[in-house]
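Each of the next two complexes has chain A plus one more chain, namely chain B in the first and chain C in the second.
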Partner chain A sequence: MSHNKRTGEIHVPVLARVEGEGALDIRIQAGRIEELRLRIFEPPRLFEKLLEGRSTQDVIDSVARICGICPVAYQMSAVTAIESILGVTPTPWVEAMRRVMYCGEWLQSHSLHIHLLAAPDFLGYDSAPAMARDYPDEVRRGLRLQGLGNEIIGTFGGRSVHPVGICPGGFFHAPDAATMQALRERLTEGLDEARELIAWVASLPLPEDDQDFVSVSLRHAHDYPITAGRIVSDQGLDIAPEDFEQHFREFQVPYSTALHAQLDGHPYLVGPLARINNNLDRLPADLKRLLDDCGVHFPSRNMFHSIVARAVEIHVALGEALRLTEDYDPAAEPHVETPAQAGIGFGCTEAPRGILWHRYALDEQARVLEAQIVPPTSQNQARMEEDLAASLTRLGLERDDDALRLHGEMVIRNYDPCISCATHFLDFHATRD
Partner chain B sequence: MTNENHRARIAVHKFSSCDGCQLAFLNLGEPLLTLAETVDILHFAEAGPIDEEAEVDIAFVEGSVATSQDAARLRGIRERSRFLVTIGACATAGGIQALRNLHDTDVWVSGVYAQPEHIDLLADSTPIAETVKVDLELWGCPVSGEQVLGATKALLAGHLPRIDHSAVCMECKRQQAVCVMVAQGRPCMGPVTSTGCGAICPRWQRDCYACYGPAVQANVSALATHLADAGMPADEVARRLLFINGHAEPFRGEGLDWQARVIQRSGSEGEQG
Partner chain C sequence: MPHETEPSVAGRDMTDVRPGGHAYLFGLGSPHGGDLLGWLAADGLREALNDRDDVSVDCLAQPVDLFLHAVTASDRLLLVDAMRGQGPPGTLKVFSPGELAETFEPLSSLSSHGLDLAGTLALVEALGLCRAGIRIIGIEMPAGADPDAPPPRLGEEEARRLHEAVMDWLDAD
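What follows is the complex of A and B.
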């Protein structure tokens, strides 16, 4: 093996601190990456088939089980599609409270990712409990924010993992005013912690690694996009969710149980960085000022700024939850009745990891004929492979295996891949011939 | 189990699942840090530590057996673990993905993947206990922090925890929740479903859908007959039973029985026509 024209293989057989099971294999030939595979081997659970014949409520209760970390996102994309088929428009109260509940999931998922999965990398620890010995206040602040997110979800859904509150037409249950008041007090405290979190995350030693990529997200007429909007890119795409299949294509690669996706034949990015890149003008003014002072500038081409984008979105989530519950009054009727009706409908919402697209065909009894689900992690797979090849080459392929492996895992964690969602997890292998 | 020489060792393993039951640990907050200070967490990929080969006192297992590799991996875990504890519906009852056991899995795989030959998937999704001996089963979709922490504390103190498998109805009475079956006529599974969730669904004014599995001495047949008498078509009664814990008896047997009634009836209607 030559020292500067390296040849060989690197394997990461189990990627730590990601959700689900996957691996990374790299083959290096004469100092160049010849093959790079983000191998996802988590067994598929075939949700699209097991939904067939099920009622709309069964769909909402089933799709939560695709992902323990973002069940609310699955329920919201599904209920949006279902209501469009049934011809039901939820009340403004329901729309507002669904957005609050979704904010809870962003808060929970982003806090978990920042503190338990990503931050230990930048500070040289292998886990959050290890990091907590030296950064006790920061880790505890993160766990509190995560807990607050879970509390919001539980307020509307009874529990934070696989909540039970959503039904076609609205919610089964409206939280009472006293519960909401108590929650709002803790959200207000959380908002101060979110400001400190943004400053802390922006001060972490994040690598410089600018790359070209296409950012894809929802865009809403006036809000930062969460539960609704058109699908846009920073390259001029602007389509309704029902036109998704005309531009985006899912395809299978032999080494992954998660389907890959391309936009007009090219990889693209979804998730917090893409959202913030496309929706800077939808951030509240005070948050924009805070961002200007923190030294990280958006739109950003550096995927390592994803962790900052997550911290910013934690602030967005808390701010929105407070704004939407300011004059909270429990709805006497938290849901409207829904007729059974046949048809085809689409739902696209911003899961913590990016756009989550659903399509359903229902029969005249409103039972599922066909279901199609495109999760964010499958959409990011091709972009992750492209990023890994560029980022590892820039780091220097002559570095030792451990350095390449660690950097590779850090790059992957920027995307917060949810492999259980995409079907699936991470194991790193590099071969040098 | 713990003595001066040896801190208790724990592992959390994942098979086919949504990761939601591991969150019972990751969502603990402060008690997660306390746990990490009290025991050695040797394998828990999502939290960081990876040592699948480690010998441990307690192995928590999430997920169902679903691929050709799983049984061998599971036997290894069993050999290296003093107590093996399943967490959640997938590990304990095969999970919602066990619905494929009632269908032709090859057809389902071909329905999702263009090249099904690259997909390693067993025809059936099965609970951990169908492959190895399990010391403690924690039911629920998902399990809660109290369940996993309670089990950890009990096992480290050297005994199995006492788990209440009475029906959700009992919990509703304790919580003074209004019965959604009596008051609203909802097809509640509470009479045959184990408590453990805190009767969330009835307290949220909806019917229980059996995510904590069968209650002890559940009279599933009587409930199914009641649902049918109240006007629910047989195919819907079957779907009610064959859901998140549909691979668990007596839900499975009774569900298949109601499914067969649909087939028989449509068959006889066909003859008449």
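What follows is the complex of A and C.
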């Protein structure tokens, strides 16, 4: 038993291999963590205010600019909310192809995180290029899968970064059959690589660190949740997206430009591990067998199983994209006409990092009166702090600063935080004498 | 100052590098604004190089998409991208990967996340790919960001200079 009653401070001034700018400050007093702050100091981006007065198409194209890696998620949550206000039901073709496009985003985002951000931590490298020298085949496989995801997004969106293909009522353009056939051939090749990827990440030396946390995700009537579903938790929550604010509360903390969120007063987890924990029965049987063979069991309380969940979702995304494009027939009318109409609407979809909730109020010309966006990273902030406190304590606070700093960064990166997505608000108070 | 030099291969065993491997020529960009220039360049070069079976030409939306192609250690890589702040619109500059990092390092933090050009080239180097040579050609994009501006075009003179620079690179020993 250690009798070390350490006192001191640990600072990670800039978090590496996460998107955006954040820091970690820890104060240890007599061998206990007295204060832990995941400090997000990236300037607020004011997107919700910028959307006011904009048309519905402007909203869809603008919210894609919130994130370079999950623009599709922002577009899908927005278009879902907007179509609910306008009273538009997308055709089955549109619903299916939106799901395919979203699969592209999961594929590229998850591949990027596994190979370039997270895996170097578990294998003891300080960067992806350093790891690539020893694991060239694995990294190249990951880059191919990432590129394939980009290709899917570009097929529907005109480009893979900040795509422009989605409109209220559907898509501007339906990909032709030849393009889709070429894409399907690549998807088929990718499916084999995804199986190899699952086995590889399951073999990584992942720390054992079981914790108590609440998993929150969407749940769909019969599919693995991506573009639609009810918001559920593994503690019995089961609500429609429009009831989100009755259970979830966003609030500001002084040290972060991103709002924190709690479910009924407590931190919670969103993202791939939460999704798979809540939707294990929605995975294909062969995928469940593969997981059993690899010795990784879900639901899991080990946060580091997030990387395995991401690999599984890469397989899900490829399988779904193939299933939904079988017998592909380009739509003669890729979108339906949408009337201008006032109202309030909600959209909630599963971004790669977790549920992404939007609320819009539109006027009679369908221009935005109010917008509210709750991104996954801001929802995970409180959980990350909770996880950091538990993980670092379990690691041993008597360890040297570098060891604590390194482990803290690994814990944070495991969530794949997108700080730039999260910093969209500005809570401004002026005090005048 | 950017110029035509062989990129650094320090510390690498070059014995397995096969001179005259396949050449990959990628235009980087998007369909919008000045960013289109890389794609316009690739489209023009594809036509001009149509009769050469030792060259593949394609347009990429992101640098990382080059890994969708079967690039190997013995291949050569040429990337054409729009650039800003390097001279009047239409200026062409040829960079080695090292020169690219030096010239654009101050702007690297402005890149959206994912893999930017410098990160992609670091991985290409780490994976030992394209060791027969890597070049980046930058084309200065039109000044300003006027949304009503007409789409950029690659003028006849710029296309000629680009073609010349590419042929010099392709035919170099």
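By definition in this document, the second predicted complex is superposed on the first by the 420 of 433 C-alpha atoms of A that agree within 3 Å, B and C clash if a C-alpha of one lies under 4 Å from a C-alpha of the other, contacts with A are read in each partner's own complex, and residues count from 1 in each chain.
Here is the rule we go by: a residue touches a chain if its C-beta (ideal position, glycine included) is under 8 Å from a C-beta of that chain, and two chains touch if they have at least 3 such contacts.
Only a predicted model underlies this, so the values are computations on that prediction, with no experimental measurement involved.
With chain A as the common reference for superposition, the partners chain B and chain C occupy clashing space. The wider contact with chain A, measured as residues touched, comes from B rather than the other of chain B and chain C. When the shared chain is aligned, chain B and chain C each come close enough to touch A:Q146.
In the superposition on chain A, A:G68 makes contact with both chain B and chain C. Of the two partner chains placed by the overlay, neither chain B nor chain C lies in contact with A:T56.
In the superposed model, A:V161 makes contact with both chain B and chain C.
Within the superposed three-chain model, A:P43 lies in touch with chain B and out of touch with chain C [touch as defined at top].
By the touch criterion defined above, A:P129 lies against chain B and chain C together after alignment on the C-alpha atoms of chain A.
Legend: residue contacts after superposition of the two complexes on their common chain; A:T227 is shown touching neither chain B nor chain C.
By the touch criterion defined above, A:T257 reaches chain B but does not reach chain C. In the three-chain model built by superposing on chain A, chain C overlaps with chain B at stretch 149-157, while the rest of 95-103, 149-157 or 257-265 show no clash. Shared contact residues of chain A, touching chain B in one structure and chain C in the other: 19-20, 68-69, 108, 112, 116, 128-130, 132, 139-140, 143-144, 146-147, 150, 158-161, 164, 418, 420.
Against chain B, in their complex, chain A makes its touches with residues 14-21, 41-46, 48-50, 53-55, 58, 61-62, 65-69, 71, 108, 112, 116-117, 120, 126-130, 132, 139-140, 143-144, 146-147, 150, 157-162, 164-165, 167, 172-173, 251-252, 254-255, 257, 259, 418, 420, 425. Interface of chain B with chain A (complex): residues 14, 16-24, 26-27, 29-30, 32-33, 36-37, 41, 45-50, 52, 66-67, 95-97, 99-100, 103, 105, 108-109, 111-115, 118-121, 125, 141-142, 144, 197, 200-201, 203-206, 209, 211, 236, 239, 243-244.
Across the complex, chain A is touched by residues 30-32, 61-62, 64-68, 112-115, 122-123, 125-128 of chain C. Chain A meets chain C in the complex at residues 19-20, 68-69, 108, 112, 116, 128-130, 132-133, 136, 139-140, 143-144, 146-148, 150-151, 154, 158-161, 164, 186, 418, 420.
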